[in-house]
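When the chains are written out, they are named A, B, C, D and E in that same order, and each has its own residue count from 1.
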Amino acid sequence: MNTGSRLERLEKGLRDIGLEPVKAPGVLRVDAQPESLVPAARLAVEHGYDHLASVEGIDWPSEGVIEVIYHAESYDEDLRGTLLEIRVKVPRDEPRLPSLIEVWPNALFLERETWDLMGVVFEGHPELRRLLMPPDWDGPPPLRKDFKVKTEGVFVNVE
Amino acid sequence: MFRGKVRRHVEAIATGLKYLVKPNRITVYYPEEAIVLSERYRGMIHYDWDKCISCGLCAMICPADAMKMYRKKGEKKARPGINYQRCIFCGYCVDICPTNALSFTRVHDVAFEKLDEMLYPPEKFTSEWRSPAEERGARRLRVVFDEERGLKHVPEQ
Amino acid sequence: MGLVSSLVRLVLSPQFFGPIVFPGLVTVLAVLLSIIWVERKIAARVQMRVGPLYILRPLGGAIQMLADGLRFFFQEFIVPETVDRVPFLLAPVVAMSFAMLPFAFVPLAPNFKPYTVPYSMPAFLGLNTVIPLTVLAMAWGSNNKFSIQGGIREAYMTIAYEAVLFISAYSMALLYHTLDFAEMVEAQKVPGILLNPISALVFFIAMIMSAGKLPFDIVEGEQEIVAGPFTEYSGIAFGLTMGIGYVQLYGFTLAFTLMYLSGWEPLVAPLYSIYPALGGILLFVKAYLLLVFIVFLRAVYGRYRLDQALRIGWRTLFPLAIVSVFLSIALGVIGVV
Amino acid sequence: MSSSVMEARLLEKEGDEEVYEVFIGPQHPASGHMRLIVRLEGDVIVGVDPDIGWVHRTMEKLAESKEALKAIPLLERMTIIDSQNVTIGYVRALEKLLGVEPPPRARYLRTLLSEINRIASHLYGMGLAGIFVNHSTMFMWCFGDREVWIQLAEELTGARLTHSYSVPGGVRRDLPQGFKEKALKAIRYMEKRLDEYHRIFFDNPQVRARYEGVGVLKPHEARRLGVVGPNLRASGVRYDARLLGDYGVYDELEFEIPVREEGDAMSRLLLRGDEIRQSMNIIRQVLDKIPEGPILAEKYLRLIPPKLREPALKEGRIKFPGIFANLKLPKGEAVARAEMGHGEIFYHVTSDGSKKPYRVRVVTPSFRNVILFRYLPPGHRFMDLPAIYGSLDYFPPEADR
Amino acid sequence: MTCPFMGLAFLGRLEESSRKAAQWLVERTPVRSLRDWAISFSLWPVHFTTSCCGAEFAAVSAPRFDMERYGFLPFNSPRQTNLLLIEGTLTRKMARAAEIVYQQMPSPKFVVAMGACAIDGGIFHNSYNIVRPHELFPIEYFIPGCPPRPEAVAQAIVRLHEKVKRSEYGVKARET
């Protein structure tokens, strides 16, 4: 299997299930739907992207969505220069996605963290418990944009 | 296998004994002795009242919001003051100061007993820093790299 | 006048002097205070640093343990609500008492023994076997998961080292045809360690195991079980528990010296003529040097795993101890001693 | 390996009456700033639940609330023992967004500090691995020798641990006088010391007994679990983010990526020693090859008034241009990966065109390795837990952010 | 360990009246100064790392700065220690643990806050997950810096050592 060919076959496979991979420097970007997420992930594993580097949620209140981004990575020499980026948008008021723990076992903590900090529910994840936040946290998920941290100005008035 | 194990036991004990007989101590007897920090050490910050042009860049770049511009009632110019409760000694304020009004001192071994002692409004900010250890008459030591001992601390001339 | 002289006679009599002054209580306290400091200083020296210093600068901080001990003494003594009070409070005291008792069987010179029994060696070792029981009581009384884990470890370790300790000691008894320390010393024309090195090695390792010093400080394994059975102890009780291991070790080094390093021989005659117990100084010096070597091992070794220590005890030391018995018998047959 | 087999080891069985739960941490001699909920059956571990988050200081959120440059010292606090490597990824991501490239000398200097930090970080890890089997000498030696490298880094950057050295477009300080001699002396000293480490620690039968064959991680498991850093390479997978050639000058230097096949705790420790040797090799080459030139990109250098620039450059430092206080990030996103002492760090910075980054995603090596606490200990004895923990070189503040 | 009659002393301390008597005795000048001398040379911090300043805390007991010269020995369990060093940020989750640790320590006990984060949050001052330690504990010394140099920690320990030796401690604990 020579360089590129695996990547190209992955691209082709992704096109076959109706997704549009876009090439960027160092990243192969795919916009997926919640339904096509699991097939895309399975395809990625088959082609060598055998673990996740990151699961990330970005809150876009203006569009009313939370974008969940999976970065899959491979340690193989031909694939390690390129990350596979799968982006899924879910509605902000009810963010639900299938869990990928079956496909990528190391999603265990990454998904749990995204649930903890961004409030995205991963269906089928065995333990969506608090990971980083204190167990009694009852505020909104802190990484959402409507959770504001206070900032201070530059000036202080003194007598 | 067995002999190798015995040899390794003996080697480990011999290494320990070697250091027991000829220790390689690198301890600085602080507070009797104090290390002279390197030239560019980022210690407590000193403020030069006259050089300051009140541009506010230092307060704007401070990542910890420790540096603030203190605006006195009736005065036009605001001046920087620092809050060591928050300062993280990243040195951004000194590096961005366009008139070199802020500078590093090589003093960093301080401890405070009260919270408000750590607030440095502009007037207090200009005060000079002296290392508490040196005030107690500590010997000043220079750090020298050494092939045999790693670090050596020799008295400063 | 008569009262004073009889008091002096009482103090200098073997029955009092041995257990209370030397090598007993007073010396034990002195050893305890100094050896922990020595241990910390040696470790510090190997580890590129200084160790305790400022408390008594001219002597290199030699009274560091006095400060630590006093601090423990004056510190609040917490009795947690969840503990079983009687074993929790009693066990450290009992343990310390039993750690002190064996010194009554240590002879210091040919005719200076506190208690003249023909079985001083088994009595000495036997008294030491009470301590693991008190440690179990501490662990049970503490009612803490870490403590109970530590107690179980102590129980396991005890069966691993005790048999070995006794067998290797008895092999020397076979060699010297006596169970008495004093007679053993007299029987040693050549130091026992040269006659039966296997027995000496086994006894040496087993006594480190027994005292719970590195590399066998498994009972206190702080990286897993905080301080083992002693986790819940604070103040003076913790000071006691900390001291037990050292006291035990000091006793064992005395026994080791008597059995393998020919005790007080060669006897320093002038000292002996002043007062018989002074002859024991050489014994003490030998034992103390051995003690220093054992605490030095802290700087070289980490901790073995429990099952590894048990394996060392049962699979390596136990056969070796049996071999040492046969070696002793063989030596006896040849007629070396 | 199918992932369901993996899951079986990762997830715990519920409702077992035989198990005995022990809570290790957060106050425990071997816990650091985390808690391990250990489930024991007798003396055998049946499950470990790493309870992290004790040092969660909300860095990702705070990075959104600060101007781009201010996040450098912020993110540095994740791993203060390895602060150059932890920030270099973020700085690279900013540089990609801003479209600046550091000049060659700056890239060499970054590499130099990266390797100094890597050595210090590995020594930290090895020292802790020593104290986890109660080998206090190893702890003290490693921490004593680490001071040599900290001192070097301090003379270069001006701070012991938190260097905040890289800024977009370059670095803040040039090499001081006589640095090369000092570094070479330190290297020669360290080479000698590594042999001593072998004698008293790595070859010590007691240490071998504790670490050899414990916590074995097979290569395919390491791949599937996304393990990074020395823990990965000790399992025979040759992967290092430095190979990507994304930052520093690693493509211009000759060095090896040490790999070991056994995958047990001992090989993880030994691999760190190998990496220290390679890092010293890199430092030697960097000091030989370092070119003359500016240390900040021309784009920013000319914004500094010459009156300030010249004397500062003569001193071997730069002044920040005023624009650094309000650096405007172009709209877009950037991904950067860098190799820390603990493993690969991943940054994904999204910008909406304002001064503050819209979202900073960081996945740290310790956070990716935390899964090993679930995976490795089951089946081992309780006393092996510290050995496994010690060999993983896990740094809780880094995982919790 | 040091007193042959310790069995008596410690059984007596169990009862309320003897506790008072012991308290009275300990407060007398010679006893008290002996006690404070002992405590000042035996400041044992509990092994409790709250955050990343622990790296510099390790450097304090490591060879180059070696505070064991002052009898400073990091120890296992809160029950046997008397100094709580808050090493950096105290998150909400950790603050609860820190409170428990502090309560479990036998008195007299001291708290030193190390690092900017342990004073006013430092760079994390506006984070939603941090606690300021001086709201929870009577703190004897604050050490600025992020992280403070080991010398700064040593400075605080030396000053605490001298303060205890002069019997001037406990004022803060009584106030709060």
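In this section, a residue touches a chain if its C-beta (ideal position, glycine included) is under 8 Å from a C-beta of that chain, and two chains touch if they have at least 3 such contacts.
Note that the coordinates shown come from a computational prediction; the quantities given were computed from them, not determined experimentally.
Chemist: Mind listing the chains that sit against chain A and also against chain E?
Modeler: Correct list: B, D.
Chemist: In this assembly, which chains make contact with chain C and also with chain D?
Modeler: Common neighbours, chain C/chain D: B, E.
Chemist: Hey, which pair has more contacts between C-betas, C-E or B-C?
Modeler: Higher C-beta contact count between the two pairs: C-E.
Chemist: For chain B and chain E, let me know how many angstrom lie between their CA-based centres, rounded off.
Modeler: 24
Chemist: Which whole number of Å gives the spacing of the CA centres of chain A and chain B?
Modeler: Chain A and chain B have C-alpha centres separated by 41 Å.
Chemist: List the centre-to-centre spacing of chain A and chain C in whole Å, with centres computed as mean CA coordinates.
Modeler: Centre separation, chain A to chain C: 62 Å.
Chemist: Could you pull out the residues of chain B that touch at least 2 other chains?
Modeler: As it turns out, chain B has residues touching two or more other chains at 12, 15-16, 25-27, 29, 60, 63-65, 88-89, 151.
Chemist: Among the residues of chain C, which are close enough to touch at least two other chains?
Modeler: 46-50, 222, 226, 299-301
Chemist: For chain E, what residues touch not just one other chain but two or more?
Modeler: In chain E, the residues touching two or more other chains are 62-64, 66, 69, 76-77, 91, 93, 123, 126-129, 146, 149.
Chemist: Using the touch rule from the top of the page, what pairs of chains touch, sorted by label?
Modeler: Chain pairs that touch: A-B, A-D, A-E, B-C, B-D, B-E, C-D, C-E, D-E.
Chemist: Mind listing the chain C positions that touch chain E in their complex?
Modeler: Touch list, chain C to chain E: 25, 29, 32-33, 40, 44, 47-55, 61, 64, 66-79, 89, 93, 222, 226-227, 231-240, 242-243.
Chemist: For the complex, which residues does chain D have touching chain C?
Modeler: Against chain C, chain D makes touches at 20, 22, 24, 28-30, 43, 130-138, 140-141, 144, 200, 204, 206-207, 209-210, 381-386.
Chemist: Using the touch rule from the top, collect the residues of chain C that touch chain B in their complex.
Modeler: 42, 45-50, 296-297, 299-301
Chemist: State the interface residues of chain B toward chain D in the complex, per the touch definition above.
Modeler: Going by the criterion above, the answer is residues 5, 8-9, 11-12, 14-16, 26, 37-42, 55, 57, 60-64, 88-92, 95-98, 100, 104, 143, 145-151.
Chemist: Inside the complex, what are the residues of chain B that reach chain A?
Modeler: Residue positions touching the partner: 56, 59-60, 65, 68-73, 78, 81, 121.
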